[in-house]
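Starting off with a structure, shown below.
So that you can tell them apart, the chains are marked A, B, C and D in the order they are listed, and the count of residues begins at 1 in each.
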């Protein structure tokens, strides 16, 4: 049975990626697209690469009749999302791609996002959308909070290791290399082609990045104690992709074995043979995550590297994977597209 | 019913693109992959982005039992292809992605490729694989010759105009901007990242590019007289894509109208609104072709611009489109993947 | 003797390029930098790559004491430039990098720039800054108007051919491939990294680009009759550089000979051996222009290709070359930096 | 007085960078260029961006009359370099850019390079070419061994901290982002544009990279005890540049103060204000190194980030800086070229 889908905030990159993926999804049909500043425009004007599709025009959110909608994806800016979703029918299934419902604790939200949450009750209700680890909760959830893209990449690499106490919890260093699309389509001088091309630099260095709120919440819960990792993203000149190089203390082969075992049956998580590491180019355009483990010459040290596409597995692909579960569809439906290389 | 597919020469970029597309094709199954120099290797070793797929190992061509194959794609190097295909069972359906069977005339082949053709009978039998213009012949063909990627991009822009005599046949200038994947995976100094990045330059300038053989054949046949275009490709630092800027003499609005009418029902060819031109980024990763027309300030001059993905619509996507026809499948089967942007 | 230099509008890319070049210029010293929106900031904050230099802070233009200045470079936005320059002391030597003083005819200015010129007298006084062709006028000029970057690239390729009537004046087609820095540092959605990377597309197609005003003026003057070329720039994903592919009708070898003769003694213009074409990567970061000529297989047709760095030879390098002449310095002073490859 | 310079192995990227820099060096003149496989060719054929220079043809090394040479740069492949240099007159000043003379200990050489050293006596005589730390030795040296490019980037970040015992010597993790030119001009499938563009991946992971030999030698000597860092380079799609993100345990402000003090008078090393980190784009094309320090939210942790151009400060610029000292010239001579941005 076809599910009627609305995408709120369809004029950004994650919105476009949702449309791209749903375009070949066998059971979803887009019946409403909102984009406040571009309301009235055809999607083809905003994203010419979607021109071949027969899509509804962009409208304001108010114009959408949610009675006809089975599930809404909210790809709205942070902070705006909680207010919008709070105003939707309380029976509507929602997958939120913003940061607004990722943190369970209102105080943690306020710490990382600098203001009080405007929908605290919903914040508590929301399920954290890391599918491979919250699958059952997501299946029965009404509101799922998509994870941060960096948060997804790093958790795939580390969760089984933290859970099994295979690594030193006080010495986890994650150095990420990030594609430019993660910054979205908004206008910032440092995101111009001429600024980003032929450059690489750290950003939000020193433990300032908001995805740390997710790491603290999830890793501390898993470990049953406070865990604080070092995490530094770096902008590199690729469009899509996150390569997370995680430096840990532990036995490299045991680490590899734990990851391989944990992900053996996961359809989207691929553990590489021991000693190999993944590349961004091997997952671009797809919902796959590749993970590799290498032992260091220094005994007891290892590097765990994961690669995802930030717009897909890190955001819109994950959102559809969750929506599939919420709608009773096959979890992989519409998501088996192979990576695009070169 | 599932069709059993063999890919000969699967270790190059067009081979990998065939695998990527067939991975989500509802009616094709890859049962054999050859790659002489890499025979014995798993596809995941040669192309890690295909690691999630359950694929046969690379073998030599000799190891393939063609009795079990419904259709073979030959993604072999030029010149080698004709010999290999000549040695296959004469009943086997074959889509050849090389240049070997594009030209009908043995003399023309010898002129452009510098040696006599080794399978002249088959050369005559082969159908030129520009689907939108040879659809009926392809449906009943046993051997289809995939077009050159540049040849496809330019013909989509110009065929309806030449056929309808809407443009001056003696003044057609085509300036192409080409992604690096068109050069394949073979090792050439000028294709290193450091040489191609931050550069743009013409190649095969002065009427030396072999795809001119296809233009001469097709355009002269269409026009019923000799037509020789100027055609110059330029390497630009993108992975995939061809942007063909065609400068013609004729009435721009009539040109636009003719293209819009001709492609109105084509599933993969999109004519943009008059005055708009396409971008490579709007077709990357897909089997779509976008075409735009702009009139010049100089009366009687127009620019027709087409954009395709060279590995997809320009090669492997086209090949599957043709195979769909040859196998009695829906022509668009497996090919409606939306472009990947950004 | 050291010349005191002011740069008005130093917070854009051409301003930064002026500073970069003057940093190793033996006879120029920067004593004032203006940048209205960034007044009060250190140049190192606006352009960290210039951090090693001892530079004055950015100020407003009003704060500059022009009595101490030998020459001012105006790297201001179009339209603003004419007003600012009109307000400067009439004895001050000025090299303007904007479009404001390129066109001699007020009507032409109004046609291409959509408003009446605000300093018509100065417009008449200004000398067109294409150094190699206006050298003597520039030497004694007070106000020199830097050319458009595209205008420079194409004129180097075509002026000697138009002047010597070696090509058909009614059939000149120029297809340009342009780096992103030509769009400056201002915020535009289509100039974001994610939009420009992996893309190529025409812009200002159909004879709408403002540099056509310069071509019309200069080529018509040279030919003694009206000359209107077709000229279409295309954005490609490189930072710097213009590759101008000019399709002309004429004898290719005669064309090559004329260019080689004309530029034999020019320090910055290099004519390649016949049959070779230049690449952007071979002039990036420098004040050099490479020009190549190839004859087509179609008799009487040729391609002339020129390559320059738009920020350097196309703008700031040209400006310094002109300033050298105006200040009585060696024309090449500070400009012999070799291209940066790879 | 002009110094006569020979460049051995001038057909690679570091050779070309030497020529580029010497082109505007006030006291050096290139009188001989060797390139065995390209002997007989003009430099303009091998590197068209150097076409404007009046350079000797490429010859074999045997053809060079070393009696006329004041200093030779050897930009030869590893292993070949030691044999070639061993055969040169023992009075000739030589700056070697290969890895052959970096390690003092023959056993360490054999460990990292897999074969016995062929010129052990010279190996002992050679001075390690990290100018800022071996300045006096270099001034009187006959043979200087250029450092590895990664080795330079990391040592600038860490040497003052190791020397002053400001960081935990057992917990140093260096994650590098590297431009493609570091791999040289040799043909490797993984260095093709289509493979490197839109990708990022670790290489020589797990403590296998040969530059570790330099780190072990230098850091252990500095600390007076064995020091083994974790060091992992990652290929990113930029031409030039290394960004070294070094994760250390220590007091961030003390670390910053130590670096700022140490480099205050160094002409090429710039310490950024506390809390800022550098970008590759801010040093590209130059001999500068930018270093930044950020304290982490986890107390006692800091990140020290350095950025250099691998071909310039990491190789050819460093080589000229050393040559300047060896020849009694001003150390900065010819090297004050500002970075090229954008």
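Side notes on the structure shown:
Following the convention adopted for this analysis, a contact is a pair of C-beta atoms (placed from the backbone, for glycine too) under 8 Å apart; a residue touches a chain by one contact, two chains touch by 3 or more.
Computed from a predicted model, the values in this text were never measured in an experiment.
Looking at which of A-D and A-B shares more C-beta pairs in contact, the answer is the pair A-D.
Chain A and chain B, compared by their mean Cα positions, are separated by 35 Å. In this assembly, the C-alpha centroid of chain B lies 45 Å from the C-alpha centroid of chain D. Chain geometry summary: the mean Cα position of chain A and that of chain D are 39 Å apart. Counting partner chains per residue, chain B shows two or more touched chains at residues 13, 180-181, 194-195, 197-198, 237-240, 278-279, 281-282, 284, 342. Chain contacts here are complete: no pair of chains fails to touch.
In the complex of the two chains, the chain C residues touching chain D come out as 13, 16, 19-20, 23-24, 47-53, 180-181, 198, 239-240, 267-268, 270, 272, 278-279, 281-286, 288, 290, 336-342.
Residue ranges of chain A in contact with chain D, taken from their complex: 171, 173, 175, 177, 194-195, 197-202, 205-208, 212, 228, 230, 232, 234, 236-241, 243, 245, 247, 275, 277-282, 284, 294-298, 301, 303, 305, 307, 342. Those residues of chain A that touch chain C in the shared complex are 13, 179-181, 183, 185, 187-189, 191-198, 237-239.
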